[in-house]
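As written, the chains take the letters A, B, C, D and E, and residue 1 is the first residue of each chain.
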Amino acid sequence: MTEQKSLLAVFHDLEPAADAVEQLRRLGIHDDHMSVISGVPVTEPMLGRPHQWTNVPRIAMGGAAIGMAVGIALSFWAPNMYAIRVGGQPFAPVPPAIIVIFEMTMLGMLLSTFLGVFLDSFFPNYRPLHYVPEISDGKFAILVECSSMDETKITDMMKKMGAESVQDAEAQHL
Amino acid sequence: MTQKISRRDMLKLAGLGATTAVLTGCGPASKYVKREPYFSMPEYTYNGESTFYATTCRECAAGCGTVIRTMQGRALKVEGNKNHPLNLGKTCARGQAALEGLYNPDRVTGPLKQGRGNKLSGSAVTWDNAIGTVAEALKNHKPDEIAFLMGLAPDHLFDLASELTGQLGAPAPIRFGALGMFESRATLSRAAEELFGQAAMPFFDLANADVVFSFGANFLETWLSPVAYTRGYSRMRKGKNRRRGYLVQFEARMSQTAAVADEWIPIKPGSEGLVAAAIGKLAAEARGASAGAFKNVDAAAAAKAAGVSLEKLEYLAGLLASAFNPLALAGGAALAQSNGLQTAKSVLALDALLGNIGQPGGVFLSPLAPGQEAYHRPASAQEMGEFVQKINSGAVKVLFIHGVNPAFELPKSFGFIEALKKVETVISFATFPDETALMADYIFPDHHGLESFGYQRVFTGAAESALSGAQPTVTPFHDTRATADVLLAAAAQAGQALPYADEYEFVKSKLRQFVPLSGGFFAAPEINTFMAYFQQYGGWWQTGNALVAPAAANAKLNLAEAEFEEGEFFLVPFVSPTLGEAGANKPWLQEAPDPTTTVMWNTWVEINPETAHELHLENDDIVRIVSAAGEVEAPVYLYPAIRPDTIAIPFGQGHTAYGRYAAGRGVNPADLFGPRVNEAGDLAFAGTKVRVEKAGKYRVLSRLESKIGVYGEGMGEGH
Amino acid sequence: MTTIDLNLVGAKGALVEEAEGKWGMVIDQDICTGCQACVVACAMENNIAFVGEEDSGYGRSMHWIRIERFWEGEYPEVKMTHYQPMLCQQCGKAPCEPVCPAFATVHSQAEKVNLQVYNRCVGTRYCANNCPYQVRSFNWRDYNDDRLDEAIASLKNHFNPDVTVRRRGIMEKCTFCIQRIHKAQDKAKSEGRAVADGEFTTACAQACPADAIVFGRVDDPESLVSQLARQSHGVHHLEELGTLPRVTYLVGGQ
Amino acid sequence: MSEKQQHDHEKHLREEHLMLDPLPRGQMNDMVMESMHTTSWKFWAVFFILSAFVAWGLFYSWGKMILEGLGIAGVNRPSYWGIFLVNTVFWIGISHAGTFISAILRVFKAEFRRPFTRAAELMTTFGLVQAGFSIFMHMGRVWLSYWLFPYPNQRELWPNFHSPLTWDLLAITTYLLSSTMYLFLPLIPDLAMARDKSTGWRKNFYKVLALGFRGTEGEWTHLRHAMNIFAWAIIPVMFSVHTIVSWDFAMATRPGWSSSIFGPYFVIGALHSGMGAVVLVLGVVRGTMKNMKYFIRPEHFDGIGKLMLMISMGWGYFFFNDYLVQWYGGDKWTKQLLHWHEAGPMGWMWFAMLIFNVVIPWAVLWNRKWRSTPWLVGTVGLLINFGMWFERYIIIPISLTINRAPFTWRLYKPGIEIPLSLGTLAFFILLYMAASRLIPLIPVWEVQEGQMAHEFKKFGRETVVTVSELE
Amino acid sequence: MIQKAFKWLMQPLGLAAVLIVALAVFSLVVWGIAQTQKPPEQPVPQFPHQLHVSFGVQCLYCHPGAVRGPSPGLPTVSKCWGCHQQIAKTQTSVKLAPLKAAHDSGTPLQWVPVAQVPDFVQFNHRPHVAAGLNCENCHGDLSKVDIYENPQVMNMGWCLACHKEKSAGNPELYIKLTDCGTCHY
């Protein structure tokens, strides 16, 4: 039984970090056991990383559907709860309903998009996390989970690839 | 009626209302007005159900019948009495607002020793003391040192006062009111007397006329009996089975009556008689008949004097000549001239010439009220002047005032206010703290008209001979007492007891004479039943047409030019049709827009826009109007329908007292009138001429109309 | 209700029948004398607040009925146009109704008049903006609160308990004296009969000394108001807007 | 071109363009943090004056108005709507700039937007807050305003979906919520940065707000997707909001209001005032806050200036459209209304509107040099805001004077609206000032992203700037 | 400081404290609302409705307006006295002293109405009675209580529920009974 360790290597530039990812993979670290943390958004191809799965668009569409349903209910069902005649118009005319449905759809979609970010990213997350504050200064960090046996091997490799520091990552309150 | 009315629980309920306000946003409201529980409920009353009482409107002297809707002892609404021959269920704005008098926050709430202040600051006295005071006054003075001054209405109180003065040997009570003065009643009845040989108030059968020429009579506003004449006008206009009636109004300033007339002829003030005569002559010529009294009239000269073209007069004469039921009537400012009596006679002579005396759509004499032997007109200005002189001479030691406010209604130039200071004891029976009441030694407030018994003679407006009945519709709201009761009690204390226990007994005794009469609206076998019906139906009247068709007249005319004071502009004062002489303390009458100018809550001066332009005056500029007798300041209203040589000011505002809604608002044009009278003794107020000065101040008149939409103000050029 | 399926069509006006009327009014401008009796009678019947000099001059008067008049020509040929009492026209297709977000002004299906439900009103004043006749009045202040004006404590003794007293922030307008309609209908029902023509009338029509205002059932062709409204010189004000007014004005002589 | 010239040219380009003038991220972070922390006594003086103003102008006056009724405002018959609605439309208009800049420019990948998207988005949210205040002030019984929301109740009575005001309420609610979320999403990485750079109470403040953001690939991916959805979806919401605001007027059967062009006319008007406000705010931020001269440069004013010119022309086009249609129709009431606009007592306002909205922008913004002068463009922005406020004032209370019942025409005179309007303005500034102390006004990560994507490239002898698409 | 407070609040004791405060506020509100629903003080304390009902006095005897119009009315002193003058106990009972005093002094009894609707609701008893409703349908069983109190909150939802139920199947009646103008004007 080997002890699991987390290593955090900090790189100044993007390219060495990408190379390090490549090297890690060669050392037998699966992509699932490493992650790149950065201060600017970098896309997967830049790092040669597999495609990231995200639910946000689906959640958004689901929210839009719910919003639309609410809009339809408000436009066509609610007015019939207490039928009141105004201005010689039908109880639930279609043209105004389009407006209501549109607004409710958009509201549902945008709200759920926002919620989707929270759900997918586990926000808010105030538990201790592996992190170094330099990341927000534009550095790139690779968080590797490996067995303690591989620790030196990986540390050396990272150093070689140009890591500014490689440290035992300890989860901390951000 | 409720037994006791107290308002001690008002606060508690207001608190409840406040809670509701917080919870719902709608707050203390009509339902939470404490309508007191009954101790013993009258049988015909149910909670939440209205009870209706027939009574007489006391807002002016016309005597319309009203029915008051009440609930839980509160009067809620004035409605017209459909049975009443005078108004047939209709009311005017003033009648509608009577409730705001009844529940006016500024009523005199109890007997006071006022002590001639200029505020209502007297100390309260008990009613026993009050009656004692009146009794002392009656007892300790010689009969001819006692005087009664009363309102216009020929009512039961006037009868009672007459009886009392008769018993004491004191001079008969004097009736006076500004409305009578502005209507020129004395002139009209005098003219009728001279022409028809009978002193009576003429009755003009508007309803059946098809062409009506009105010389200054604003019969739709305040003249004599406005509701009745409006009904007549309406029927004239509808012209059932006949052609639609045609109305031509001759006056210098377009009144409300002129506004609805088909033609308004702005003739020079004072020339009305001449114009009537000229039209008479031309009409007679058109008909090919003899011009009778008018045969010496020079129509061209008359047209010139009046400021209209001869063609116009010929056209109008033709209109009259071809009419089936022509009618000419005169009143108001047209008669308030030095030649006013001649004008009245001239117009009546025109009627005679047209052959409509005693004909449908013509001139009649008003029927006398039941039990009345002769027409008894109120005092003219001349008689009031004489009365003021009598006071000034120190001959009057005790003055009782009821139902009139001479300090406001009588022009200042008569000197009434100064004269009043010479009277030893002035006792006012005013319901409201009006100017005269404040100058009294005592105020012993009478009930409001809706709280009291009585009757009133209908003096004109109805074809039937009618006595309008009054009864309390609610229990008195304040600690007031019927003046009749006070007088009866005081007379008894003074050892001059009249044979009546109280006001109710007095009214009843006066009605007793009608029980055996036939032809009445109702009949009853004995007085108690009669009295019950009298109250139920709101009066007693004979059902048949009782108009008197006078003998055809033989007029002698002496048409003279009107005399005017020195000044630039003719002054045409007119009584505000919404406020009248005593409506200024009712907020809704203040807020009811004037029918012609739509001004609310203020006095204005009407000036022709062109004249104003010459004088560099704009709307809302305050001007000072100066006459020989005095001056007033009021904002300008550029009135498009007034002669350029004339200005007009409404009468009704300018109170210095009379409650929060009236005091300090507007001006009183009566301050401008000199004490000049015409041949019949009526005030020649329309003979006043004035000077207009810019005061350099500015006050925006509250108008309902839009100056932008109606006059194009601010719309730039070309609008 | 049969009209519900029209929702899906949504073609406003194309399929919805012309709104039928029940109560109506005829105002004969030829005999109106502009005397303001109707104005004050309405105020007394409906607990309308007076607003004082300043506010009334600033267009805040609360009259439910106002008498309009204009001028034609120049002196001396100047003429005042016929007095025109202007009150809520109780439109069949009222522009004020659909714009209220809170359903505070709705069309009564039972009485076929425009209702103003005071307790539902939140005071957006959209209805008043959209009223082509400008006959709605807004409670700009707490005119009826006796804590603000002690005079009201006394004056409100004559308030009609059948009519809600409005407070600040609420729109109000002529109701065709619906309290009288209800009272008359209730009375007739309790006596097992229909309401007779002329059995009751609105406060304005009741007061009008010239009988220029006539009120009654317009769905009854025999009623006086229907007969008068059929006359050739009867017009509807701003008829071109398609509001289907229930008040007919008789203009000019016969 | 010589080497020297070449070098100078590049140097010039670098000076001019933020995107070509990269600084290390850490330094930029420090600059932004420093600008947030550096607060002079003047700031606090203004802050407290404004606070007092808000307390009096907004809260005290509003409380008084709620207690006494709308009588203390200037509204009357027929001008039932007054300055409150003018302000509502005005603030919603202001709020449009934020969305326009951050969403439309993001969608169209206009790179110059990067440093000031946040400053603009803050305006959106804070402007909408003021719009909300204004519309609730307008209500006669504001304490019952919850009746306008669709909520189940015992009476089974729902809001009236026939009413444009209900549409408006739904639209504004949607817009307020979504623009606030859209403000917050790109803010998270910056909050994380601020968290890493702060100590004390600020640390806790940012810790909570940053939600535990680290910058993992997953977080960035979700965020990017969400921002993309927002950028696309919020554009139709933004257009719908101001179109619906215009329908509040266009649905009414009134002369001058019932116009089918009102929708786009209002949208373009909103952008007009919004862009004006953005340059004004940028000018103030650049002038008063530390280190901002690096981030906000004349090139930005130049870019916004071009947009303003375009929008101003668009506004002129729609204005003319509206005017022509109304004029040509020849309806007697509309004719009176147009006459009233021009020749009436408020005619000066009508002409001032045209001068501020059209004449001045066209006269100034065509020139690149003038356009790049911050104070000048800021002044034009201020004038446009006056002009657009006048436009709304003319559309609402002045047009309301003229209706189909000439007996009621009456000019509107504002009352307590004046302190209340100034109160909302002060509150807007106050919120903005507070935000400038609490929120990184420059989205540093976006700037860095942009700087990474930009580079010089030589085509033959010419050195040009290229941008590579990173996403 | 705030952080400390927050931390304290997040632990079980803190959560309990939050719960207690919330409960206290909620109870205060409930109590406040309940206060407005309490039967008020009446001029005759503890007026025993149940006793009168048990003697077989009909509701309409004392509240006769209910069949005629909007308001049923509250009994006048003379109405009470009509029966009570024949009841010897009236002269001696402490509970009845206010009635005796009112009668002797001729002042009305100021009953406090309980079943009130706000000013903006125009309620009429007559059509309800005419529709066959009994008093107890709305006012509850008066043979069980002394002082009347509303058995339910008389609000619009309660009115409407009954109106809808009674008019189901009759479109004309339904329109009339759910029309805003039937109660609000």
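Criterion: a contact is a pair of C-beta atoms (placed from the backbone, for glycine too) under 8 Å apart; a residue touches a chain by one contact, two chains touch by 3 or more.
Quick caveat: nothing in here was measured; it's all calculated off a predicted structure.
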item: Chain closest to the middle [Cα centroid of all protein chains]; value: C
item: Identity of the chain that, by mean CA position, is farthest from chain C; value: A
item: B-E or B-D, whichever has more C-beta pairs in contact; value: B-E
item: Remotest chain, chain D as reference, centres from CA atoms; value: B
item: Interchain centroid distance [CA atoms averaged], chain B/chain D, Å; value: 65
item: Mean-CA-position distance for chain D and chain C (Å); value: 44
item: Approximate Å spacing (C-alpha centroids) for the pair chain D, chain E; value: 54
item: Centre-of-Cα separation between chain D and chain A, whole angstrom; value: 30
item: Touching two or more other chains - residue numbers and ranges from chain E; value: 118-120, 180
item: Sequence positions of chain A contacting 2 or more other chains; value: 82-84, 86-87, 89, 92-93, 97
item: Residues of chain C touching at least two other chains; value: 1, 58-59, 66, 68, 70, 95, 98-100, 103, 106, 109, 118-120, 163-165, 169-170
item: Of all residues in chain E, those that touch chain C in their complex; value: 118-122, 124, 126-127, 130, 171, 175-176, 179-182, 184-185
item: List of chain D residues in touch with chain A within their complex; value: 24-26, 29, 150, 155-158, 160-162, 166-167, 170-171, 173-174, 177-178, 181-182, 184-185, 189, 192-193, 195-197, 207-208, 210-226, 229-230, 233-234, 236-237, 240, 244, 445, 448-449, 452, 470-471
item: Chain D contact footprint on chain C (complex, rising order); value: 55, 58-60, 66, 68, 70, 86, 95, 98-103, 120-126, 128-130, 132-134, 137-142, 168-171, 238, 241
item: Partner chain A, residues of chain C touching it in the complex; value: 1, 3-4, 6-10, 12-13, 16, 19, 92-100, 103, 105-107, 109, 244
item: Chain E contact footprint on chain D (complex, rising order); value: 153-156, 201, 204
